[in-house]
Amino acid sequence: MGTARVRLFARLADLAGTREAAVELGEGLTAAGVFGVLVQRYPSLTGFDAFVRFAVNSEYVPASHPVRDGDEVALIPPVSGGSRAL
Amino acid sequence: MGTARVRLFARLADLAGTREAAVELGEGLTAAGVFGVLVQRYPSLTGFDAFVRFAVNSEYVPASHPVRDGDEVALIPPVSGGSRAL
Amino acid sequence: MLFEVTADQLDPDRVVKHVRRDDAGAVALFYGVVRDHNRGRKVMHLEYDAYPEMATKVMHQIAAEVKERFGVAEIAIQHRTGRLEIGETSLLVAVSSAHRSEAFEACHALVDRFKEAVPIWKKEVFEGGEEWIEGDLSPPDA
Amino acid sequence: MLFEVTADQLDPDRVVKHVRRDDAGAVALFYGVVRDHNRGRKVMHLEYDAYPEMATKVMHQIAAEVKERFGVAEIAIQHRTGRLEIGETSLLVAVSSAHRSEAFEACHALVDRFKEAVPIWKKEVFEGGEEWIEGDLSPPDA
(Lines give C-alpha, C1' and ligand atoms only; values in the text may rest on other atoms or scores of the structure.)
Protein backbone atom coordinates (compact mmCIF):
# COMPACT_ATOMS: atom_id res chain seq x y z
CA MET A 1 0.00 0.00 0.00
CA GLY A 2 3.04 2.23 0.16
CA THR A 3 4.37 4.90 2.46
CA ALA A 4 3.71 8.56 3.14
CA ARG A 5 6.21 11.08 4.44
CA VAL A 6 4.75 13.22 7.23
CA ARG A 7 6.09 16.65 8.16
CA LEU A 8 5.55 18.34 11.50
CA PHE A 9 6.08 21.98 12.34
CA ALA A 10 6.12 24.44 15.22
CA ARG A 11 4.34 23.18 18.34
CA LEU A 12 3.60 19.75 16.84
CA ALA A 13 7.27 19.20 15.99
CA ASP A 14 8.21 20.21 19.54
CA LEU A 15 5.62 17.85 21.02
CA ALA A 16 6.56 14.88 18.84
CA GLY A 17 10.27 15.62 19.13
CA THR A 18 10.66 15.21 15.36
CA ARG A 19 10.01 17.19 12.19
CA GLU A 20 9.48 14.19 9.98
CA ALA A 21 8.03 10.67 10.09
CA ALA A 22 7.23 7.84 7.67
CA VAL A 23 3.80 6.18 7.86
CA GLU A 24 2.86 2.87 6.23
CA LEU A 25 -0.39 3.31 4.39
CA GLY A 26 -3.19 0.89 5.21
CA GLU A 27 -6.20 0.46 2.91
CA GLY A 28 -8.03 3.75 2.30
CA LEU A 29 -6.01 5.73 4.84
CA THR A 30 -7.01 9.40 5.00
CA ALA A 31 -5.06 12.45 6.19
CA ALA A 32 -6.87 12.15 9.53
CA GLY A 33 -5.98 8.44 9.58
CA VAL A 34 -2.30 9.27 9.11
CA PHE A 35 -2.58 11.63 12.06
CA GLY A 36 -4.11 8.77 14.09
CA VAL A 37 -1.12 6.58 13.33
CA LEU A 38 1.20 9.36 14.51
CA VAL A 39 -0.75 9.81 17.75
CA GLN A 40 -0.10 6.15 18.54
CA ARG A 41 3.59 6.71 17.93
CA TYR A 42 3.77 10.12 19.68
CA PRO A 43 1.09 10.19 22.39
CA SER A 44 1.82 13.85 23.16
CA LEU A 45 -0.03 14.67 19.91
CA THR A 46 -3.29 13.32 21.37
CA GLY A 47 -6.20 15.73 20.95
CA PHE A 48 -4.49 17.94 18.39
CA ASP A 49 -6.50 16.55 15.46
CA ALA A 50 -9.15 19.23 16.05
CA PHE A 51 -6.42 21.85 15.96
CA VAL A 52 -4.47 21.10 12.78
CA ARG A 53 -5.22 21.54 9.14
CA PHE A 54 -3.84 18.99 6.71
CA ALA A 55 -1.88 19.47 3.53
CA VAL A 56 -1.00 16.82 1.00
CA ASN A 57 1.78 17.65 -1.43
CA SER A 58 1.70 21.31 -0.34
CA GLU A 59 -2.04 21.82 -0.86
CA TYR A 60 -4.58 22.22 1.92
CA VAL A 61 -6.94 19.20 1.91
CA PRO A 62 -9.89 18.08 4.06
CA ALA A 63 -9.22 15.55 6.84
CA SER A 64 -11.01 12.95 4.72
CA HIS A 65 -8.54 13.28 1.83
CA PRO A 66 -7.13 9.87 0.83
CA VAL A 67 -3.35 9.54 1.09
CA ARG A 68 -1.43 7.69 -1.62
CA ASP A 69 1.99 6.09 -1.85
CA GLY A 70 4.70 8.73 -2.03
CA ASP A 71 2.50 11.58 -0.79
CA GLU A 72 3.90 14.19 1.54
CA VAL A 73 1.43 14.85 4.36
CA ALA A 74 1.90 17.98 6.46
CA LEU A 75 0.29 18.76 9.79
CA ILE A 76 -0.40 22.51 9.77
CA PRO A 77 -1.00 24.20 13.15
CA PRO A 78 -2.89 27.51 13.04
CA VAL A 79 -0.72 30.27 11.60
CA SER A 80 -0.20 33.41 13.60
CA GLY A 81 -2.84 35.57 11.94
CA GLY A 82 -5.23 32.68 11.47
CA SER A 83 -7.93 33.95 13.80
CA ARG A 84 -9.09 36.29 11.04
CA ALA A 85 -9.71 33.41 8.68
CA LEU A 86 -12.18 31.68 10.95
CA MET B 1 5.96 101.24 4.04
CA GLY B 2 8.65 98.67 3.36
CA THR B 3 9.24 95.89 0.90
CA ALA B 4 8.09 92.32 0.44
CA ARG B 5 9.99 89.56 -1.28
CA VAL B 6 7.82 87.61 -3.71
CA ARG B 7 8.59 84.06 -4.81
CA LEU B 8 7.24 82.47 -7.97
CA PHE B 9 7.20 78.79 -8.84
CA ALA B 10 6.44 76.36 -11.63
CA ARG B 11 4.25 77.84 -14.39
CA LEU B 12 4.18 81.32 -12.82
CA ALA B 13 7.99 81.44 -12.68
CA ASP B 14 8.12 80.37 -16.34
CA LEU B 15 5.55 83.03 -17.35
CA ALA B 16 7.22 85.85 -15.42
CA GLY B 17 10.70 84.71 -16.39
CA THR B 18 11.83 85.05 -12.79
CA ARG B 19 11.59 83.13 -9.52
CA GLU B 20 11.81 86.16 -7.30
CA ALA B 21 10.75 89.81 -7.17
CA ALA B 22 10.73 92.68 -4.68
CA VAL B 23 7.53 94.70 -4.25
CA GLU B 24 7.28 98.09 -2.54
CA LEU B 25 4.40 97.99 -0.10
CA GLY B 26 1.75 100.69 -0.43
CA GLU B 27 -0.69 101.44 2.39
CA GLY B 28 -2.71 98.36 3.38
CA LEU B 29 -1.43 96.21 0.54
CA THR B 30 -2.83 92.66 0.65
CA ALA B 31 -1.47 89.42 -0.84
CA ALA B 32 -3.84 89.93 -3.77
CA GLY B 33 -2.58 93.49 -4.06
CA VAL B 34 1.02 92.28 -4.29
CA PHE B 35 -0.07 90.00 -7.10
CA GLY B 36 -1.66 93.00 -8.83
CA VAL B 37 1.67 94.86 -8.69
CA LEU B 38 3.41 91.87 -10.25
CA VAL B 39 0.83 91.64 -13.05
CA GLN B 40 1.71 95.22 -14.02
CA ARG B 41 5.39 94.26 -14.10
CA TYR B 42 4.87 90.87 -15.81
CA PRO B 43 1.71 91.11 -17.97
CA SER B 44 1.90 87.38 -18.79
CA LEU B 45 0.61 86.76 -15.24
CA THR B 46 -2.71 88.47 -16.09
CA GLY B 47 -5.71 86.38 -15.08
CA PHE B 48 -3.80 83.98 -12.86
CA ASP B 49 -5.05 85.55 -9.64
CA ALA B 50 -8.04 83.20 -9.68
CA PHE B 51 -5.65 80.29 -10.06
CA VAL B 52 -3.08 80.80 -7.32
CA ARG B 53 -3.17 80.43 -3.57
CA PHE B 54 -1.09 82.80 -1.49
CA ALA B 55 1.38 82.08 1.28
CA VAL B 56 3.00 84.61 3.56
CA ASN B 57 6.09 83.46 5.45
CA SER B 58 5.41 79.86 4.44
CA GLU B 59 1.80 79.73 5.66
CA TYR B 60 -1.24 79.64 3.40
CA VAL B 61 -3.23 82.89 3.80
CA PRO B 62 -6.40 84.34 2.23
CA ALA B 63 -6.00 86.79 -0.65
CA SER B 64 -7.08 89.57 1.71
CA HIS B 65 -4.16 88.96 4.08
CA PRO B 66 -2.22 92.20 4.76
CA VAL B 67 1.45 92.12 3.78
CA ARG B 68 4.05 93.74 6.05
CA ASP B 69 7.60 94.94 5.62
CA GLY B 70 10.00 92.01 5.33
CA ASP B 71 7.30 89.42 4.56
CA GLU B 72 7.95 86.68 2.04
CA VAL B 73 4.93 86.33 -0.23
CA ALA B 74 4.68 83.17 -2.33
CA LEU B 75 2.38 82.59 -5.30
CA ILE B 76 1.31 78.95 -5.09
CA PRO B 77 -0.09 77.36 -8.27
CA PRO B 78 -2.27 74.26 -7.76
CA VAL B 79 -0.19 71.27 -6.73
CA SER B 80 -0.39 68.12 -8.77
CA GLY B 81 -2.88 66.22 -6.61
CA GLY B 82 -4.84 69.33 -5.74
CA SER B 83 -8.03 68.35 -7.52
CA ARG B 84 -8.88 66.08 -4.59
CA ALA B 85 -8.79 68.99 -2.17
CA LEU B 86 -11.53 70.92 -3.91
CA MET C 1 6.38 37.64 -9.01
CA LEU C 2 8.94 36.82 -6.32
CA PHE C 3 8.27 34.63 -3.28
CA GLU C 4 11.03 33.76 -0.89
CA VAL C 5 11.33 32.08 2.50
CA THR C 6 14.85 32.55 3.78
CA ALA C 7 17.02 32.42 6.90
CA ASP C 8 18.97 35.45 5.62
CA GLN C 9 18.22 39.08 6.34
CA LEU C 10 15.45 40.36 4.09
CA ASP C 11 16.32 42.72 1.27
CA PRO C 12 13.88 45.60 0.65
CA ASP C 13 15.86 46.90 -2.33
CA ARG C 14 15.56 43.53 -3.99
CA VAL C 15 11.78 43.28 -3.58
CA VAL C 16 11.25 46.86 -4.72
CA LYS C 17 13.48 46.38 -7.77
CA HIS C 18 11.47 43.29 -8.56
CA VAL C 19 8.11 45.10 -8.60
CA ARG C 20 9.25 48.27 -10.40
CA ARG C 21 7.84 48.71 -13.84
CA ASP C 22 7.87 51.74 -16.10
CA ASP C 23 4.07 51.85 -16.16
CA ALA C 24 3.73 51.67 -12.36
CA GLY C 25 3.69 55.03 -10.60
CA ALA C 26 3.24 53.64 -7.10
CA VAL C 27 4.89 51.02 -4.92
CA ALA C 28 3.54 50.08 -1.49
CA LEU C 29 5.99 48.18 0.69
CA PHE C 30 5.08 46.61 4.02
CA TYR C 31 7.63 45.66 6.68
CA GLY C 32 6.64 43.31 9.47
CA VAL C 33 9.04 44.03 12.30
CA VAL C 34 9.71 42.16 15.55
CA ARG C 35 8.08 44.17 18.31
CA ASP C 36 9.28 44.33 21.90
CA HIS C 37 5.88 43.61 23.41
CA ASN C 38 2.81 41.47 22.73
CA ARG C 39 -0.33 40.99 24.82
CA GLY C 40 1.26 42.74 27.76
CA ARG C 41 4.42 40.64 27.73
CA LYS C 42 7.96 41.81 27.14
CA VAL C 43 9.22 39.93 24.08
CA MET C 44 12.91 38.91 24.04
CA HIS C 45 13.09 37.47 20.53
CA LEU C 46 11.06 35.41 18.03
CA GLU C 47 11.71 32.13 16.28
CA TYR C 48 10.01 31.45 12.98
CA ASP C 49 9.38 27.97 11.65
CA ALA C 50 8.15 27.42 8.10
CA TYR C 51 7.09 24.81 5.59
CA PRO C 52 9.01 26.53 2.80
CA GLU C 53 7.84 24.59 -0.27
CA MET C 54 4.18 25.02 0.66
CA ALA C 55 4.68 28.58 1.89
CA THR C 56 5.97 29.75 -1.49
CA LYS C 57 3.14 27.89 -3.23
CA VAL C 58 0.47 29.53 -1.04
CA MET C 59 2.18 32.93 -1.47
CA HIS C 60 1.89 32.44 -5.22
CA GLN C 61 -1.83 31.59 -4.94
CA ILE C 62 -2.79 34.53 -2.71
CA ALA C 63 -0.69 36.94 -4.77
CA ALA C 64 -2.46 35.81 -7.95
CA GLU C 65 -5.85 36.34 -6.25
CA VAL C 66 -4.88 39.83 -5.07
CA LYS C 67 -3.35 40.81 -8.41
CA GLU C 68 -6.53 39.83 -10.19
CA ARG C 69 -8.84 41.46 -7.65
CA PHE C 70 -7.06 44.84 -7.44
CA GLY C 71 -5.56 44.98 -10.95
CA VAL C 72 -2.08 45.74 -9.67
CA ALA C 73 1.10 45.36 -11.71
CA GLU C 74 3.57 43.24 -9.77
CA ILE C 75 4.05 41.58 -6.36
CA ALA C 76 7.04 40.38 -4.33
CA ILE C 77 7.10 38.73 -0.88
CA GLN C 78 9.93 37.65 1.42
CA HIS C 79 9.62 36.01 4.84
CA ARG C 80 12.46 35.24 7.14
CA THR C 81 12.85 32.10 9.31
CA GLY C 82 14.90 31.22 12.36
CA ARG C 83 15.71 33.50 15.27
CA LEU C 84 14.88 37.20 14.90
CA GLU C 85 15.79 39.92 17.36
CA ILE C 86 13.66 42.95 18.28
CA GLY C 87 13.62 45.45 15.39
CA GLU C 88 14.49 42.90 12.70
CA THR C 89 12.26 42.48 9.66
CA SER C 90 10.28 39.24 9.43
CA LEU C 91 8.14 40.03 6.38
CA LEU C 92 8.31 42.22 3.28
CA VAL C 93 5.34 42.59 0.92
CA ALA C 94 5.75 44.89 -2.11
CA VAL C 95 3.02 45.79 -4.60
CA SER C 96 3.37 48.07 -7.62
CA SER C 97 0.50 49.66 -9.49
CA ALA C 98 -0.24 52.46 -11.93
CA HIS C 99 -1.92 54.43 -9.12
CA ARG C 100 -1.50 54.59 -5.38
CA SER C 101 -4.91 53.52 -4.05
CA GLU C 102 -4.74 50.06 -5.58
CA ALA C 103 -1.15 49.63 -4.42
CA PHE C 104 -2.09 50.40 -0.80
CA GLU C 105 -5.27 48.32 -0.80
CA ALA C 106 -3.70 45.31 -2.49
CA CYS C 107 -0.66 45.38 -0.21
CA HIS C 108 -2.84 45.53 2.90
CA ALA C 109 -5.11 42.73 1.69
CA LEU C 110 -2.09 40.61 0.80
CA VAL C 111 -0.54 40.97 4.26
CA ASP C 112 -3.87 39.96 5.82
CA ARG C 113 -4.15 36.91 3.55
CA PHE C 114 -0.53 36.03 4.22
CA LYS C 115 -1.08 35.91 7.98
CA GLU C 116 -4.15 33.69 7.53
CA ALA C 117 -2.93 31.19 5.01
CA VAL C 118 0.85 30.89 4.68
CA PRO C 119 2.34 28.01 6.73
CA ILE C 120 4.85 29.98 8.79
CA TRP C 121 4.72 30.01 12.58
CA LYS C 122 6.28 32.13 15.25
CA LYS C 123 7.41 31.24 18.72
CA GLU C 124 7.51 34.14 21.10
CA VAL C 125 10.30 34.01 23.63
CA PHE C 126 9.21 36.40 26.36
CA GLU C 127 10.37 37.27 29.82
CA GLY C 128 9.67 34.11 31.78
CA GLY C 129 8.70 31.67 29.05
CA GLU C 130 8.02 30.87 25.42
CA GLU C 131 4.96 30.03 23.36
CA TRP C 132 4.02 29.23 19.78
CA ILE C 133 1.62 31.96 18.64
CA GLU C 134 -1.39 30.23 17.12
CA GLY C 135 -4.28 31.90 15.42
CA ASP C 136 -7.20 31.14 17.71
CA LEU C 137 -5.31 32.16 20.79
CA SER C 138 -3.81 35.41 19.64
CA PRO C 139 -5.18 38.71 18.42
CA PRO C 140 -4.47 39.95 14.89
CA ASP C 141 -0.93 41.07 14.95
CA ALA C 142 1.32 43.28 12.91
CA MET D 1 9.83 63.03 12.28
CA LEU D 2 11.92 63.57 9.16
CA PHE D 3 10.92 65.86 6.28
CA GLU D 4 13.26 66.45 3.38
CA VAL D 5 13.10 68.12 -0.02
CA THR D 6 16.24 67.27 -1.93
CA ALA D 7 17.80 67.19 -5.39
CA ASP D 8 19.60 63.94 -4.49
CA GLN D 9 18.34 60.40 -5.00
CA LEU D 10 15.92 59.43 -2.26
CA ASP D 11 17.03 56.95 0.38
CA PRO D 12 14.46 54.35 1.48
CA ASP D 13 16.81 52.81 4.05
CA ARG D 14 17.20 56.18 5.70
CA VAL D 15 13.46 56.86 6.00
CA VAL D 16 12.76 53.34 7.27
CA LYS D 17 15.57 53.54 9.83
CA HIS D 18 14.10 56.84 10.95
CA VAL D 19 10.63 55.41 11.66
CA ARG D 20 11.72 52.11 13.23
CA ARG D 21 10.95 51.78 16.89
CA ASP D 22 11.07 48.73 19.13
CA ASP D 23 7.37 49.04 19.91
CA ALA D 24 6.32 49.31 16.24
CA GLY D 25 5.59 45.99 14.55
CA ALA D 26 4.64 47.46 11.18
CA VAL D 27 6.14 49.90 8.71
CA ALA D 28 4.27 51.03 5.58
CA LEU D 29 6.47 52.67 2.96
CA PHE D 30 5.12 54.37 -0.17
CA TYR D 31 7.22 55.06 -3.26
CA GLY D 32 5.97 57.53 -5.84
CA VAL D 33 7.70 56.57 -9.06
CA VAL D 34 7.97 58.39 -12.40
CA ARG D 35 5.62 56.60 -14.79
CA ASP D 36 6.10 56.32 -18.54
CA HIS D 37 2.57 57.44 -19.39
CA ASN D 38 -0.06 59.89 -18.19
CA ARG D 39 -3.45 60.73 -19.64
CA GLY D 40 -2.64 58.84 -22.82
CA ARG D 41 0.66 60.58 -23.40
CA LYS D 42 4.10 59.02 -23.48
CA VAL D 43 6.11 60.72 -20.73
CA MET D 44 9.83 61.32 -21.39
CA HIS D 45 10.82 62.70 -17.99
CA LEU D 46 9.53 64.95 -15.19
CA GLU D 47 10.86 68.12 -13.63
CA TYR D 48 9.89 68.96 -10.05
CA ASP D 49 9.90 72.48 -8.70
CA ALA D 50 9.45 73.13 -4.98
CA TYR D 51 9.17 75.83 -2.36
CA PRO D 52 11.37 73.88 0.05
CA GLU D 53 11.03 75.93 3.26
CA MET D 54 7.25 75.91 3.03
CA ALA D 55 7.10 72.31 1.79
CA THR D 56 8.87 70.99 4.88
CA LYS D 57 6.65 73.13 7.09
CA VAL D 58 3.45 71.80 5.47
CA MET D 59 4.81 68.24 5.62
CA HIS D 60 5.30 68.72 9.34
CA GLN D 61 1.72 69.98 9.75
CA ILE D 62 0.03 67.18 7.80
CA ALA D 63 2.21 64.53 9.46
CA ALA D 64 1.22 65.83 12.90
CA GLU D 65 -2.47 65.68 11.86
CA VAL D 66 -2.14 62.11 10.56
CA LYS D 67 -0.11 60.93 13.57
CA GLU D 68 -2.77 62.25 15.92
CA ARG D 69 -5.69 60.91 13.87
CA PHE D 70 -4.36 57.36 13.38
CA GLY D 71 -2.26 57.01 16.53
CA VAL D 72 0.82 55.88 14.62
CA ALA D 73 4.34 55.88 16.02
CA GLU D 74 6.63 57.75 13.63
CA ILE D 75 6.63 59.38 10.18
CA ALA D 76 9.29 60.26 7.59
CA ILE D 77 8.87 61.92 4.19
CA GLN D 78 11.32 62.71 1.39
CA HIS D 79 10.55 64.40 -1.94
CA ARG D 80 12.99 64.87 -4.76
CA THR D 81 13.30 67.95 -6.98
CA GLY D 82 14.83 68.63 -10.37
CA ARG D 83 14.82 66.32 -13.36
CA LEU D 84 13.67 62.73 -12.79
CA GLU D 85 13.79 59.95 -15.34
CA ILE D 86 11.20 57.18 -15.81
CA GLY D 87 11.42 54.69 -12.94
CA GLU D 88 13.06 57.09 -10.50
CA THR D 89 11.50 57.73 -7.10
CA SER D 90 9.99 61.17 -6.54
CA LEU D 91 8.38 60.59 -3.13
CA LEU D 92 8.89 58.37 -0.10
CA VAL D 93 6.41 58.30 2.79
CA ALA D 94 7.12 55.94 5.72
CA VAL D 95 4.83 55.33 8.69
CA SER D 96 5.48 52.99 11.61
CA SER D 97 2.86 51.71 14.00
CA ALA D 98 2.28 48.97 16.58
CA HIS D 99 -0.11 47.24 14.15
CA ARG D 100 -0.41 47.07 10.40
CA SER D 101 -3.86 48.52 9.73
CA GLU D 102 -3.02 51.92 11.17
CA ALA D 103 0.31 51.97 9.35
CA PHE D 104 -1.39 51.35 5.97
CA GLU D 105 -4.26 53.77 6.55
CA ALA D 106 -2.07 56.56 7.89
CA CYS D 107 0.45 56.18 5.06
CA HIS D 108 -2.29 56.29 2.41
CA ALA D 109 -3.96 59.33 4.03
CA LEU D 110 -0.62 61.08 4.28
CA VAL D 111 0.21 60.59 0.60
CA ASP D 112 -3.23 61.97 -0.31
CA ARG D 113 -2.73 65.02 1.92
CA PHE D 114 0.78 65.50 0.58
CA LYS D 115 -0.46 65.71 -3.00
CA GLU D 116 -3.13 68.24 -2.04
CA ALA D 117 -1.18 70.57 0.18
CA VAL D 118 2.59 70.46 -0.21
CA PRO D 119 3.97 73.18 -2.54
CA ILE D 120 5.82 70.96 -5.00
CA TRP D 121 4.97 70.98 -8.71
CA LYS D 122 5.76 68.71 -11.59
CA LYS D 123 6.31 69.51 -15.22
CA GLU D 124 5.64 66.64 -17.53
CA VAL D 125 7.89 66.49 -20.56
CA PHE D 126 6.07 64.25 -22.99
CA GLU D 127 6.44 63.28 -26.61
CA GLY D 128 5.73 66.52 -28.43
CA GLY D 129 5.57 69.03 -25.60
CA GLU D 130 5.67 69.86 -21.93
CA GLU D 131 3.17 71.02 -19.34
CA TRP D 132 3.01 71.89 -15.65
CA ILE D 133 0.58 69.44 -14.06
CA GLU D 134 -1.87 71.46 -12.02
CA GLY D 135 -4.56 70.06 -9.79
CA ASP D 136 -7.75 71.16 -11.50
CA LEU D 137 -6.58 70.03 -14.88
CA SER D 138 -5.24 66.62 -14.03
CA PRO D 139 -6.73 63.45 -12.57
CA PRO D 140 -5.55 62.08 -9.23
CA ASP D 141 -2.21 60.59 -9.90
CA ALA D 142 0.08 58.10 -8.27
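The first chain written gets the first letter, and so on, giving A, B, C and D; residue counts start at 1 in each chain.
Quick note on the criterion: a residue touches a chain if its C-beta (ideal position, glycine included) is under 8 Å from a C-beta of that chain, and two chains touch if they have at least 3 such contacts.
This structure is a prediction, so every number in the text was calculated from the model and none was measured.
Engineer: Stepping chain to touching chain, what's the minimum from chain A to chain C?
Structural biologist: So the least number of steps between the two chains is 1.
Engineer: Mind checking the centre-to-centre distance between chain A and chain B? Centres are C-alpha means, answer in whole Å.
Structural biologist: 72
Engineer: For chain A and chain D, let me know how many angstrom lie between their CA-based centres, rounded off.
Structural biologist: 48
Engineer: Just give me the whole-number Å value for how far the CA centre of chain B lies from that of chain D.
Structural biologist: Between these chains, centre-to-centre, one finds 25 Å.
Engineer: On chain D, where are the residues touching two or more other chains?
Structural biologist: 140-141, in rising order.
Engineer: Tell me, which pairs of chains are in touch?
Structural biologist: So, checking each combination of chains, I get A-C, B-D, C-D as the touching pairs.
Engineer: For a test of understanding, state which residues of chain D touch chain B in their complex under the given definition.
Structural biologist: 49-51, 53-54, 57, 112, 114-123, 132-141
Engineer: If you look only at chain D, which of its residues touch chain C in the complex?
Structural biologist: So the residues of chain D in touch with chain C come to 12-13, 16, 20, 22-37, 86-87, 96-101, 103-104, 107-108, 111, 140-142.
Engineer: Can you list the residues on chain B that touch chain D in the complex?
Structural biologist: Residues 7, 9-11, 13-14, 51, 55, 58-59, 74, 76-86.
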